[in-house]
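To keep things simple, chains are lettered A, B, C, D and E as they appear, and every chain counts its residues starting from 1.
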Amino acid sequence: MNVKPDFSKGHNLAETAPAYLSIWELQAYYGESYIVQNISFNVHEGEILALLGRNGAGKTTTLRSIARMNDPQVQHGEIWLDHKPLHLMSSYEASQTGIALVPEDRCIIPGLTVEENIELAQIAPPVGWSKERVYELFPRLGERRKQEGVTLSGGEQQMLAIGRALARDIKVLLLDEPYEGLAPVIVDEIEKTLRIIKEQGITTVIVEQNAVRALELADRAVILDTGGIVFDGSAAEVLENEELRAEYLAI
Amino acid sequence: MDVILPQILNGLDKGSAYALIALGLTLIFGTLGVVNFAHGALFMIGAFCSVSLSRILNLSYVTEDPTQTDFLGKPLKVETPYLEAWFGPEFGGALIDWSVPLAILFSIPIMILVGLVMERGLIKHFYKRPHADQILVTFGLAIILQELVRGIYGANPIQTPAPDMFRGSIDFGAMLGFDPNVIIYPYWRMIYFFFSAVVIGGVFAFLQFTTFGMVVRAGMADRETVGLLGINIDRRFTIMFAIAAVVAGWAGVMYAPINAPNYHMGMDFLVLSFVVVVVGGMGSLPGAVAAGFLLGILESFASMTAVKEILDGIDQIIIYLVAIIILLTRPRGLMGKKGVMED
Amino acid sequence: MLGLNKKDTSLLMFVVALSLFAPIILNIFPKDSGFAFFNGGYPDLMQRFAIFGIFAIGFNILFGLTGYLSFGHAAFLGVGSYAAVWMFKLLNYNILPALILSVVVAGLVSVVIGWISLRRSGIYFSILTLAFAQMMYAIAYSDLFGRWMGITLTNGETGLQIYNNDPQILLGNGPTSPHLFGLEMGARKVLSIGPWEFVFPVGYYLCAILLILSFYLSIRIFRSPFGLMLRAIKSNQTRMSYTGLNSKPYTLAAFVISGMYAGLAGGLLAAMDPLAGAERMYWTESGAVVIMTILGGVGTLIGPILGAGTIKYMENIISKMNEKLLHDWFSFLPESLEYAMVWLASWFTGEGWHMTQGVLFMLVIIFLPGGLVQGGQKLASRFRRNKADDTATNATPAE
Amino acid sequence: YTNEPTGGTVTLGFNVPQTGPYAEEGLDELRAQELAVEHLNGMGDGGMMNTFSSKALKGNGILGKKVEFVTGDTQTKSDAARASAKSMIEKDGAIMINGGSSSGVAIAVQGLCQDAGVIFMAGLTHSNDTTGKDKKANGFRHFFNGYMSGAALAPVLAKEYGTDRRAYHLTADYTWGWTQQESVAAATEAMGWETVNNVLTPLAATDFSSYITPVLNSGADVLVLNHYGGNMVNSLTNAVQFGLRDKMVNGKQFEIVVPLYSELMAEGAGANVQGVIGSMNWNWQLTDEGTKAFVKSFGEKYGRPPSGSAHTCYVQTLLYADACERAGTFNPCGVAEALEGFEFDGMGNGPTLYRADDHQCFKDVLVMKGKDNPANKFDLLEIVEVTPRAQVEYAPDHPMFAGGDLGKCNPGA
Amino acid sequence: MGILEVKNVNKRFGGLQALGDVNLSVKENSCHAIIGPNGAGKSTLLNCFVGKLIPDTGSVMFDGQSVLGRTPYEINQMGISRVFQTPEIFGDLTVLENMLIACFAKRDGAFRMHAVENMHNERDIVEKAEHMLEEMGMIDQKDDHSASMSRGNKRRLEIAMCLSQDPRLLLLDEPTAGMARADTNNTIDLLKQIKDERDITIAIIEHDMHVVFSLADRITVLAQGTPLVEDDPENIKGNPKVREAYLGEAA
């Protein structure tokens, strides 16, 4: 894999389906510390990819790099989404291109109500789900629409973060531990939703500590360890491969 | 009543100056979260826009008048403004006379430019830095701006009168049925009050009836996330900064006829405007405006002899005393938002 | 040594050496050379370096450790000065009681102001302290307290001075200028070596010793469990209280300690020059100590001293560069160029010294976010890198 | 003695406000001081050295030593002023300090010079205290003071506005303001005026409207503004804005008085000074030989007429130099002795006495009035009357000046 | 009589009844889990124990003393420690320093003026802190800047801080959320061990049923602010109401 593929034309790495989101030789730093160490992987249109690994493996860092956050700094590598060079964009441009990140700490904006948090997502084009549709998915949010977002319960905040991402018209949804803090019934609910939006053609990358659950949902899995990729393959493979699970996922 | 009323009027116009300055400051400080010690300098630059325009309109050519002598006994140099020469003393003179109101327009591009350069070139890099760093860098900038103005215009105050027709005063008392000559009020101060009311209303409307305000507030609370939602927050911050600069500049432009501008007028207002903003409550525009008028009126009352007889010198400390009382009784000032600049 | 680790000991030794040899270091240029103008080794300026160093060290204990930005610390400086001058007026010129009273009074005042202001945090705290200080300034400037009580307390704008008809009950035949048990502060020894001339003033050495003690104390505070608690307050007050710690007494203690430092500095100002003026309490003076601390490096040990030194040096040396001097300096140039240079330079010198200050603030904070200390570290690490060709050293947190 | 000059030069220290509200005034002082040094060193046209009644100065420096000078910025703050004076004394070896533009600073620096053992030749300082309560043996004041302003103004005011007037005072709340107010009120009351009220205004005030509106229904028909600098510019501007000058009260035209005028303030106040009466120490429009020589030499060098404070600083420098020559030494005690009781003329103020008891100069005082149609910006004031010296003299133990102690001259170490 | 007695606690937020007549008794040296749907009021209840919120009515007694009206630090000094749902640590300090603060607070109480004391003379405190880190398996990271740790590690640090205080009652709000499976298991073991060894009572909120059922002696199910059932883990698992309202397929 020393030859740089031509992503702009939808070329792929070793896979048959065309790559939709391509990460190529990504190297990301927090200040001086080298966190994501030269990783490459592909995500295909409409699939769900599970990005797994221990605490501190660099999962969040990878997602943040793809979403083009200021921190970490990407010092090398390319990211292409649907022939568009994300690595040349800043986070708002990436978002307008169709990337949505549900951050691990939810990042509900203080000072705004639930409703305003969603409206905020609908200011810049392209707009996705309507407020009503989000409330339909999470009736809880509808009940709390006038409440300040940060006073929501932990799980409600998680719903808001996901709802806010869906309120934009997205191509790729990056979920950083979406099940965390959610009641099991709600997790079921979200899982269903993810399957629905998958059918609508939205591509999803999901980071989750509840690896089994994620793998059951996902088509493919990528496992990270100390900033490098140690596995890239189908989700079922991981579920079957005891050794792999024991070594990198401890399950 | 004839003692109280004039002081309310005085308080209103003092208050409108405070409110206008605090409004601009709170856009930058309470909304963008930058402790902008250069805000006073923006006010001062505004005032010097008036001075400059009046200087420009007064550009003159020089002739010698042999019939008179100057202080060294040489023929006197007489200056005639080009405007008068070109348009005749009638119209040309009127233009010169109207330099302050014209400066409102004149100042817009200048203040926007100053605001843009300041934000793009400097403040942009300081949003995430500690407040202490913001203080130092904007204080440094304020000093530089101030010194530049001093270098160009000198340290002396420069009279910049209002148009002739607004120079007089109106006998309010007589209109309301009091004795004449008791409650009088200069036209220009009245104009200043209405002007600031319009500007304040305009800014409110802009932030209230557009989503702009919400976005900027959100961006201030969490830039990253707002960026994640596809919003170019940097551009909006820049616009906000430019608006604040224009508001500060206008406060200065219109203030020029009230008190002759000098290069350190910004610093004179600086501390006071911070007090006003904080007393109003961080992040609250109505708070800043309310605090401005409140403190203006209280200050006026405190300067009444009857009040000073109760406590000698109260007029010197009233603002600070009231600020302390308000901040102790209301944790976040009059209408402060929770969590804004509380750590 | 002295309960410090190696690094801190060497830092302390550095400050000791700097203080003791300041009269030589600061007068490094021969008396008749063109550069003699830049010498800062005269008693008044050296004393100011030390005194404002103490002021800034104390301020840094509050601001650098807890993050509480007081914008009214000059009030304690002023109070200290007034207390000291009153001791001179009532007792005699011995500075010991004066300094003790300065520290005590400043401490008491800071307990009151701190206790009230610390009920709020962030900008609200800053404005509360500012409001207190401005009130005290106004009260001192017009001697309102004195007026309310019918006495002279601060002597208004003129400043509190010592008159021949003051009580001075212990004066006797003692010296009529500030002294420490007979050792007059104004006394000095002049040492001339060839073209060099060095002045060793008694007053300066007293200030220097107190500076060293203050600095030592501040290192101990920084490194103590107490210092750790203060940094914890800056970091996360919620966690602090759920860990079972009451942050209020910690912040108040830090506030009072730094107030007492300021009081000591104020007392020393009066001891070096027995006059106390109200403008010492004006907000710009409070702002100055904030700026000294940031300029040097907030939260670093030595930064505040460097910041104080830089600002006082500029205030005293650059403001004295007048056009005549500039013409002398640039006289080697052709005349038109000379005038152009003088014109340019005069924006930044003499009456333009504020401009230089503003430019310096901006440059330092833009290029050295950690203040002068960071600049020093950068230099040092480059130096080290050049010397020993080893791997890139990570920038250590500012010490 | 302190800083005894050993080489071929002698260094004078010029300590003026170069920054802050009085910066322009300070710069004008500096111009005059540089001019004085030039003249002392025999360069230029000699200025007032030609008209000075004492002929001790020869244009070869002082006592044969070339005069050099250093400058410092007082920032109009006592602390800063003392710091810069100290640096001139301790570092540059200045033997005399001259300049300043406010009484607080003058008193602070005067005290310092007394302790350090150098001569202080005050610049602009108008408070009675400088040569009253706070007088010092090493300090000398050429400028006039509040008492003299009152004494000079009162008769003119009585003549112009009548003796049946009710005055309302606005007074800057610090030492200078208090002493001037006291002096002016006493002098006008002696003429039959009534003082209706005296309101103290904060130094920091920029808008005086709330102090001015009560004037209208106080029954007063004269407003006395005991303000200086920016305060005065603003309070006068505000008073005119509120239409005070157009009002008729008690059947009389309302009038405004500014007891202490300066050219730079008048320039700052612009058209608002028209018709307003005040007093000055000296003005370039005087026609005596000394004034003419000084204005010519200053005007040719700097393209503008000198201000009153520039004049005082210039004269003080010459007086100091002359005293050194006459005493034959730079020793402060010798110089002080030569200055004490010195009578001279030709310096623009008529025959003048440096009184030994309090080191205050006694000379004519000018009463000025804002011109109605100024031809240019230097021509804002006109001389109404030159009040003769006898009329403004007072006893050294006058109550307004009591409480001080000159002490003994201090030659330092 | 349990160590923590909650009687008739009510709490309203505006129009929302967050807690309605909650009665709860936590037995000494047991592990009591509180579960329930998102927004049920679990965190709110916990906040009432530690002084962050004051209930509108009702009483909360810890070891026979009321905690109401006391400040958080006083309550902590009584022996209640709390781990937050989103990690609260001293981000500017190193890991070891974080631990030291907890240890000092335990030894010296709410305030002690040890302004010039030397850290070197506090060997025992440092040792204690390091020992705790070792137990948590974080000793390698002791000099790391705590803000730049991954979130799972932040949470572990927070737990370590609380444990180092030897609390009598430890309140855990979703302690293992976002923690890798392996570390979750380690934490469960650690908590078990600590409970047995040190005579600690634990109250835990958790959505991860694995954790709940491995640790809890007793479970309260909270729904819409009121306790639905309180029972042994086995019975809860079988309870149909709980399954429907909360557990979904997970059980």
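As a working rule, a contact is a pair of C-beta atoms (placed from the backbone, for glycine too) under 8 Å apart; a residue touches a chain by one contact, two chains touch by 3 or more.
Please read these numbers as outputs of a predicted model, since none were measured by experiment.
Undergrad: Can you give me the shortest step count from subunit C to subunit E, moving only between touching chains?
TA: So the least number of steps between the two chains is 1.
Undergrad: Based on mean C-alpha positions, I'd like to know which chain lies farthest from subunit C.
TA: A
Undergrad: Would you mind checking which chain's C-alpha centre is most distant from the centre of subunit B?
TA: E
Undergrad: Taking the mean of the C-alpha atoms as each chain's centre, how many Å separate subunit A from subunit E?
TA: Using C-alpha averages as centres, the distance is 30 Å.
Undergrad: Mind checking the centre-to-centre distance between subunit A and subunit D? Centres are C-alpha means, answer in whole Å.
TA: 77
Undergrad: Take the average of all CA coordinates in subunit C, do the same for subunit D, and state the distance between these two points in whole angstrom.
TA: Comparing mean C-alpha positions, subunit D is 34 Å from subunit C.
Undergrad: Using the average of all C-alpha atoms in each chain as its centre, how far is it in Å between subunit A and subunit B?
TA: The mean C-alpha positions of subunit A and subunit B differ by 48 Å.
Undergrad: Which residues of subunit B are in contact with two or more other chains?
TA: Subunit B, residues with two or more chain partners: 313, 316.
Undergrad: Considering only the defined contacts, which subunit A positions touch subunit B in the complex?
TA: 67, 69-70, 90-93, 95-96, 100-101, 103, 107, 109-112, 116, 119-121, 123-125, 164, 168
Undergrad: Applying the document's contact rule, which stretches of subunit C touch subunit B when the two form their complex?
TA: 63, 67, 69, 116, 119-124, 127-128, 130-132, 134-135, 138-139, 141-142, 144, 147-148, 237, 283, 287, 290-291, 294-295, 298, 347, 352, 354-355, 357-362, 364-366, 369
Undergrad: For subunit D, which residues are in contact with subunit B within the complex?
TA: Going by the criterion above, the answer is residues 19-24, 27, 173, 197, 199-202, 204, 206-207, 209-211, 213-214, 216-217, 230, 233-234, 237-238, 241-243, 246-247, 249, 264, 267-272, 284-285, 295-296, 299-300, 305, 375-376, 378-379.
Undergrad: Under the stated contact criterion, what part of subunit E meets subunit A in this complex?
TA: Residues 13, 16, 36-40, 42-44, 85-86, 148-153, 174, 177-185, 207-209, 245-251 of subunit E touch subunit A in their complex.
Undergrad: Please name which positions on subunit C make contact with subunit E in the complex.
TA: 3, 217, 220-221, 223-229, 231-232, 234-236, 238-246, 249-250, 253, 257
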